[in-house]
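Take a look at the structure below.
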Amino acid sequence: MAYLKDVLDQGGAFEGPLLVKSCERGIASNGSAYLSMQLQDITGSINGKKWSIEDTDGEVLAPGKIVRITGTIFKYKNSPQIKVEAASPMQEGEYDPSDFYLSCPIQDEELYKRVKETIALIQDPDLKLLTETVIKENEEKYFTFPAAVSVHHAYRAGIVYHSLSIAKDAIDICKNYPFLNEDYLLCGALLHDVGKTKEMDGVLASSYTMEGNMLGHITMGTMIVGEAGERIGTPKDKLTIIEHMILAHHGQPDFGSPVFPMTPEAFVLHVLDDLDAKLNILETSLKDLKVGEFSQRQPFIDGRPFLKTK
Amino acid sequence: MAYLKDVLDQGGAFEGPLLVKSCERGIASNGSAYLSMQLQDITGSINGKKWSIEDTDGEVLAPGKIVRITGTIFKYKNSPQIKVEAASPMQEGEYDPSDFYLSCPIQDEELYKRVKETIALIQDPDLKLLTETVIKENEEKYFTFPAAVSVHHAYRAGIVYHSLSIAKDAIDICKNYPFLNEDYLLCGALLHDVGKTKEMDGVLASSYTMEGNMLGHITMGTMIVGEAGERIGTPKDKLTIIEHMILAHHGQPDFGSPVFPMTPEAFVLHVLDDLDAKLNILETSLKDLKVGEFSQRQPFIDGRPFLKTK
Amino acid sequence: MAYLKDVLDQGGAFEGPLLVKSCERGIASNGSAYLSMQLQDITGSINGKKWSIEDTDGEVLAPGKIVRITGTIFKYKNSPQIKVEAASPMQEGEYDPSDFYLSCPIQDEELYKRVKETIALIQDPDLKLLTETVIKENEEKYFTFPAAVSVHHAYRAGIVYHSLSIAKDAIDICKNYPFLNEDYLLCGALLHDVGKTKEMDGVLASSYTMEGNMLGHITMGTMIVGEAGERIGTPKDKLTIIEHMILAHHGQPDFGSPVFPMTPEAFVLHVLDDLDAKLNILETSLKDLKVGEFSQRQPFIDGRPFLKTK
Amino acid sequence: MAYLKDVLDQGGAFEGPLLVKSCERGIASNGSAYLSMQLQDITGSINGKKWSIEDTDGEVLAPGKIVRITGTIFKYKNSPQIKVEAASPMQEGEYDPSDFYLSCPIQDEELYKRVKETIALIQDPDLKLLTETVIKENEEKYFTFPAAVSVHHAYRAGIVYHSLSIAKDAIDICKNYPFLNEDYLLCGALLHDVGKTKEMDGVLASSYTMEGNMLGHITMGTMIVGEAGERIGTPKDKLTIIEHMILAHHGQPDFGSPVFPMTPEAFVLHVLDDLDAKLNILETSLKDLKVGEFSQRQPFIDGRPFLKTK
Amino acid sequence: MAYLKDVLDQGGAFEGPLLVKSCERGIASNGSAYLSMQLQDITGSINGKKWSIEDTDGEVLAPGKIVRITGTIFKYKNSPQIKVEAASPMQEGEYDPSDFYLSCPIQDEELYKRVKETIALIQDPDLKLLTETVIKENEEKYFTFPAAVSVHHAYRAGIVYHSLSIAKDAIDICKNYPFLNEDYLLCGALLHDVGKTKEMDGVLASSYTMEGNMLGHITMGTMIVGEAGERIGTPKDKLTIIEHMILAHHGQPDFGSPVFPMTPEAFVLHVLDDLDAKLNILETSLKDLKVGEFSQRQPFIDGRPFLKTK
Amino acid sequence: MAYLKDVLDQGGAFEGPLLVKSCERGIASNGSAYLSMQLQDITGSINGKKWSIEDTDGEVLAPGKIVRITGTIFKYKNSPQIKVEAASPMQEGEYDPSDFYLSCPIQDEELYKRVKETIALIQDPDLKLLTETVIKENEEKYFTFPAAVSVHHAYRAGIVYHSLSIAKDAIDICKNYPFLNEDYLLCGALLHDVGKTKEMDGVLASSYTMEGNMLGHITMGTMIVGEAGERIGTPKDKLTIIEHMILAHHGQPDFGSPVFPMTPEAFVLHVLDDLDAKLNILETSLKDLKVGEFSQRQPFIDGRPFLKTK
């Protein structure tokens, strides 16, 4: 299979399967209609134009479909574009999904295993039960949804992978600063982003849900955990402390948390959440550079370009 | 009964009932212990010192108690202070509570009647049921708690009085701008501060609860309404819109709302909530001035002094 | 007559009258000159290109003129554009001006009547005389100028319509909060934007005047009212209070007011001015949507999209 | 005469004339009344307490009076205080006013002469006439009022001294940057603070006037110059440019200017106004230090202490 | 020995050794002089007043001295105070310095050993040599100076203890995010605060040096490392990357770094520096509380009180 | 020679020498490669496209080269563009460099003379030696480098021209405010931007160096002066004061200075640096306008357009 990254800069004829991210109709200066679409595989994405529309295009080129594209790639104002000559549907089994969208670097079973192991480290039975219950009740989405539409961990199983990474950091930090309460920190690490299971519209997460936009994952996650905790009888103070950790995990009002952290563990969770997300962004943005080169400016990390040092 | 405001500036002997707001132990330079307390009636408050401690003082001078105080008032560094010579307990019935703390300007029955009338204006049956249910389930606190520990509507029944005042404004505004959805606005006006029933520690509201501090009334109100709405079957979108109004009613993250208003009614609710609170502050701070005089600087209204014009 | 909104998305041939907002010369890659213009009717606007220039084009396509346009509409980079083949002048009487620019929803006589009725509500004879005098002396512009070049009430008679709407709100608010001084509030509501009669360059208000840019309508309005008040003998303190309301009506320095509000009425005027402007923006931006749809992001209301709820 | 600065730190008996800045009544713990007052001469100020009140004290110790004080100085919580035993009135002629409040370092005739010379440098007859007229019409206050109640040039003739100092800087700057229009800059330098003649309540300037608080000297100065200019026929554009310089001379909304500078001269006037005020503050605060010592923190210059280097 | 914390709240007679932090002269209302001093041992501090001054007091009560104090403790405005009756000098050997000021929780040899072990982990010979050299050349101060006058790690050997703690975190973080360059991170962790050896005036660090105030430890640390690196031939790019880490370690201009982090390691160093400092503050402020109690508001961590959870 | 400004708006054939600022490869929609380049002379700049690539183009069209260009100019989206038909190399001597990039308005000898004269005004021998030494050791770059890549004084010898202009202002200011230390101010004025010799990549300054980006000219300048001062024995305090002036010359952290000014001279240097840079921007942006016209908005001066008044 021809990967986009191998052909984007060369231009020329292209034939191969691509995932349709979006597809819209436009009107050309000669009055006839055309289609403008965004196509991608795991190695990159490209804007496509199809100048002759066929009746079946609406169905074939629906967002989320994987389609065999024939066309020509060229540069239009410094960005590659593909003139689509033909688009034919493909069946499941004819392609490997992992060729078209990113997944987290770990297999599903391993994710389940690590979550189980992390929960096992929680000594407090109330917090252990709360963590188990909430994850169980949201299991499918918790183990498959991305952590964001874009920006960081924007791939299948991003929520769980990001949560486990924070939990790993948390275990180390608790060793270095033994006055921290590891049980709260692990419970908070695993549950802090559970609201994202209601914020995004699916595993591909092309957009946010209406309640995602109007309430946000921080409030929704607090509500999910609060409702579950009341139902299973988590003691009031412990539940409030976990709800607070979820509410405060963005660290300050300007970043979406209505309250500032007020426990050491809520503060540490915020720092590790921010650190893990930003290191994920940096790792991705430096991946294809050589040592000594600068990345693009990073809009989420002070707007600076970063130097690759390793 | 001798009211504080009549004697504070004159100084001299005092005898009469006062409410104990707080009472703490100190050590004098001669090594003996003394009590320092805050005393109030509805007209003012004063710091008291009791230099000889009796065994019963701990019980008699407990915060919340109304006590007969005998002593001498004088000025200490520009503030009045009372040297307490004796403090004897009083029984319910011996005093009128309204002599010691503020209440809202309307009687209880009238408040119930107005809430009922306002709910009756809501046309949408789902929103009407939701409003009725939430108020019913939190009735006692909803009709007696203050809207704040201090600042605005800091008196008995402050929540309901403030909510009704906003609803009254809302009805007028909907007449002037008919594209607004009155049902959402009335439901939001009545429910927006319901979380304060969990945020404050009682009708006297001398402080915030632990969950009040760590979660805040905005999140708790959203959770109360969300839980009730799910239980009684409020349609998903309507419920989300009301939850959003509660979440957004402080208008912006810096003032405690994790989301900005995203419906016209959420925006109007925020404006009227802010307007009603600030006019309550202004009315109180100008009450005892003459036309043409300036008030103290108002820390919650841009820190300016305000001119009395009427 | 063919309205733009009906043809913009379809593309194809167009013939009909349009208002010329602007028209500029460019040079094509083959070295020959062309005209680029902005054309509008009351339903929308479109960019036009005329590739062959005629001697009379300078006069015919002058900004402000209504012209019969023949051409072809197509989409250029997602925006509609019209290739202008011919442009012929039209005479007054051949078209209805209200097809080309917005006017306020109320007829002129009604506006005069309402202003008169509002002034009649002012009890204080000094404030009544001041209000009458200032409006009389700026009558033509006060009753026809828009409230802004764009953003809100950007149509004929926008100043007076917006001022009356605020006055209407003010009357309601004074009923709900009787400590407010209605005379000051009505005088301030009617006069607060009088400086805009010097800030904009005409009823169509395509731009701001030099003094509008360098002094601003807030300072100019204060000067107009101050000069008139001194001339007709408005008592010093009353005049200062009205001048202050005009100066403070944007609420804070960052929004153009050199002083914060320092009377309850100045504060309320600011809140109502802001509320009326933003509800005008919201009404306009939601007008053509269906219930449940989101508007574009609103740059003047926290940059959020708004949900249509009614 | 015994100057305060010579006796403040030593303590002990004091007898001599002092200016009464303020005087208020208090109640001592023994129930009897006392007076608390602020006393000053040109070298310093001290808080005074008079424990026995006489009938004549109200008249003798009125703010603004110069009074012969007999008493004892001691340190109370690190601040000097004087126990006033007697206070007797003094007549004009018995004391030299310059012993009690600051004046600018230049004699009156010299100030008049320099203003005249500066005006003579203005080439443009319209701007020259405007400058002369405005200064003439506000002559007494312009030549005697301080530039502020405190902070900078807070002494008799502070406005004119500060304005002349800026004009002097302006002449140098125009030599170094010849594209600047010296006429506008000199006119603006001399007139920029003329509004302060209405902002302060007198030569001693113990406080701001009501219109000073509610309108501010920037708006009032613009109005004074605008009214005069229209009356004497200053051409419209020239007048707007000078009004703009006055409006913009604080440089930005946060510092009180509703508009940012929009001419090179308005920008330079703002920079020089700020520079002259701050150097006046620095000179004063470093005056009594030795080289190598740090001043107090300067609240108006970034809150930093400054090192004396000369 | 009687520790202050055991006697502060009881009041009464005191006799024992205390460290003099500061001592100043005042004048009492009877005109005689007295001394006001700050006294401390490792468990707390107290203000002292000595009402009779002896000739030797200047020498005996000099800041930094340990003195045998006899006096009486009482509460003055809620703060304990000691009336000093006698103060006699003590000789080295008569007391244990660790009874009077805080030290880091680790012995000196252990600190040396850990620094050596950490340097041994640096693989890159240039960075290893640079780290060794800079620490060697500043050894005495590097191993004994506190990390701050107050706030965090404000005790003997605070710099090195804080640096080692960050290095420990860094090693864990590099395991979890293997794209990070551990050599740069360890070198930066050990050297980032070396400028503090010039910023503070000694092991007790009662204040900042003149160059500490005027240049700051960030600039001075960069200069120390830059000078050493140039001298020993550290390759230009490596040296720039380390200088950048030191410059950027406060994360942003508002917190003292003239540049934002531009390498992943500079970013991580900033996060860990901030985390370690704040956890040190939290640990200290929660130390003496019970689980479920709130600390004082933390001015350096969003101004919030923190809940003790373990 | 045909200057760009004379032909940009007309379009049509062009032949003449131009400086290549940058040159990059692209791919056209027909699959063949093309070159996109930025070309300039002293009067303007233009984007060029060369659709047929020759083997020698890489060498001929290298950035920094002056090349004879043959082609056609036209407008592409409101910006002029040139279709390059041929590009032939030119030899030194065939063109005058001053036709292609800006230089400061003063000849080299005059710059040397003025620097010498300014140094001669420094009375303090330590500061005079420090100034001489640092300039001598960085002479070539100090006398030829621009003060910025763009924005202000972005031309050959910009550093020295800008420094001399500030020194000239400083001499005037010291006359008006004699408490200022002229020696420090002149030394600071001449040395404050010496770090720019390491920040930019050459006389043409098409970009910043790696250390320029990661350390900044403020830190590098402080290091250059600090190292030189220590080497030649400048007394510690004097050196610290000069280092502080360089560190603080941007006035505040948000503009790149890690410390605020803490001497009067550091404060004045900051004001004059800012004033001189902005007047340079204003002079340039108003140069080609007529009196009464407004400039473009000035992104570095509050984003305002400025009115030409002379």
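Order as written gives the chain letters A, B, C, D, E and F; numbering starts at 1 within each chain.
We adopt the following convention: contacts are C-beta pairs under 8 Å (C-beta built on N, C-alpha and C of every residue); 3 or more make two chains touch, one makes a residue touch a chain.
In this text, all values refer to a predicted model and were calculated from it rather than measured experimentally.
Trainee: To reach subunit D from subunit B by way of touching chains, what is the minimum number of steps?
Mentor: 1
Trainee: Which chain pair shares more contacting C-beta pairs: A-E, or B-E?
Mentor: Looking at contacts between chains, A-E has the larger number.
Trainee: Please identify which chain has its centre, taken as the mean of its CA atoms, farthest from the centre of subunit C.
Mentor: Relative to subunit C, the chain whose C-alpha centre sits farthest away is E.
Trainee: From the mean C-alpha coordinate of subunit A to that of subunit F, what's the distance rounded to whole Å?
Mentor: Centre separation, subunit A to subunit F: 44 Å.
Trainee: If I count partner chains per residue in subunit F, which residues reach a count of at least 2?
Mentor: In subunit F, residues 214, 237, 241, 262, 307 touch at least two other chains, as defined above.
Trainee: Assign the assembly's chain-to-chain touch graph to one of these shapes: line, ring, star, complete, other.
Mentor: Topology of touching chains reads as other, fitting no named class.
Trainee: Per the touch rule above, enumerate the chain pairs that touch, sorted by label.
Mentor: Chain pairs that touch: A-B, A-C, A-E, A-F, B-C, B-D, B-E, C-D, C-F, D-E, D-F, E-F.
Trainee: Write out the stretch or stretches of subunit E touching subunit B in their complex.
Mentor: Residues 9-12, 72, 74-76, 78, 80-81, 83, 294, 305, 307 of subunit E touch subunit B in their complex.
Trainee: Any idea which subunit E residues touch subunit D in the complex?
Mentor: Its residues touching subunit D are 26-31, 214.
Trainee: Quick check: in the complex, which residue numbers of subunit A touch subunit B?
Mentor: Where subunit A meets subunit B, its residues are 210-211, 213-216, 218-219, 222-223, 226-227, 236-237, 240-241, 243-244, 247, 253-254, 256-259, 262.
Trainee: Provide the residue numbers of subunit A that touch subunit E in the complex, in ascending order.
Mentor: Its residues touching subunit E are 165, 168-169, 172-173, 176-177, 179-181, 184, 237, 241, 252, 260-265, 267-268, 271, 274-275, 278-279, 282-283, 286, 292, 294, 301-307, 309-310.
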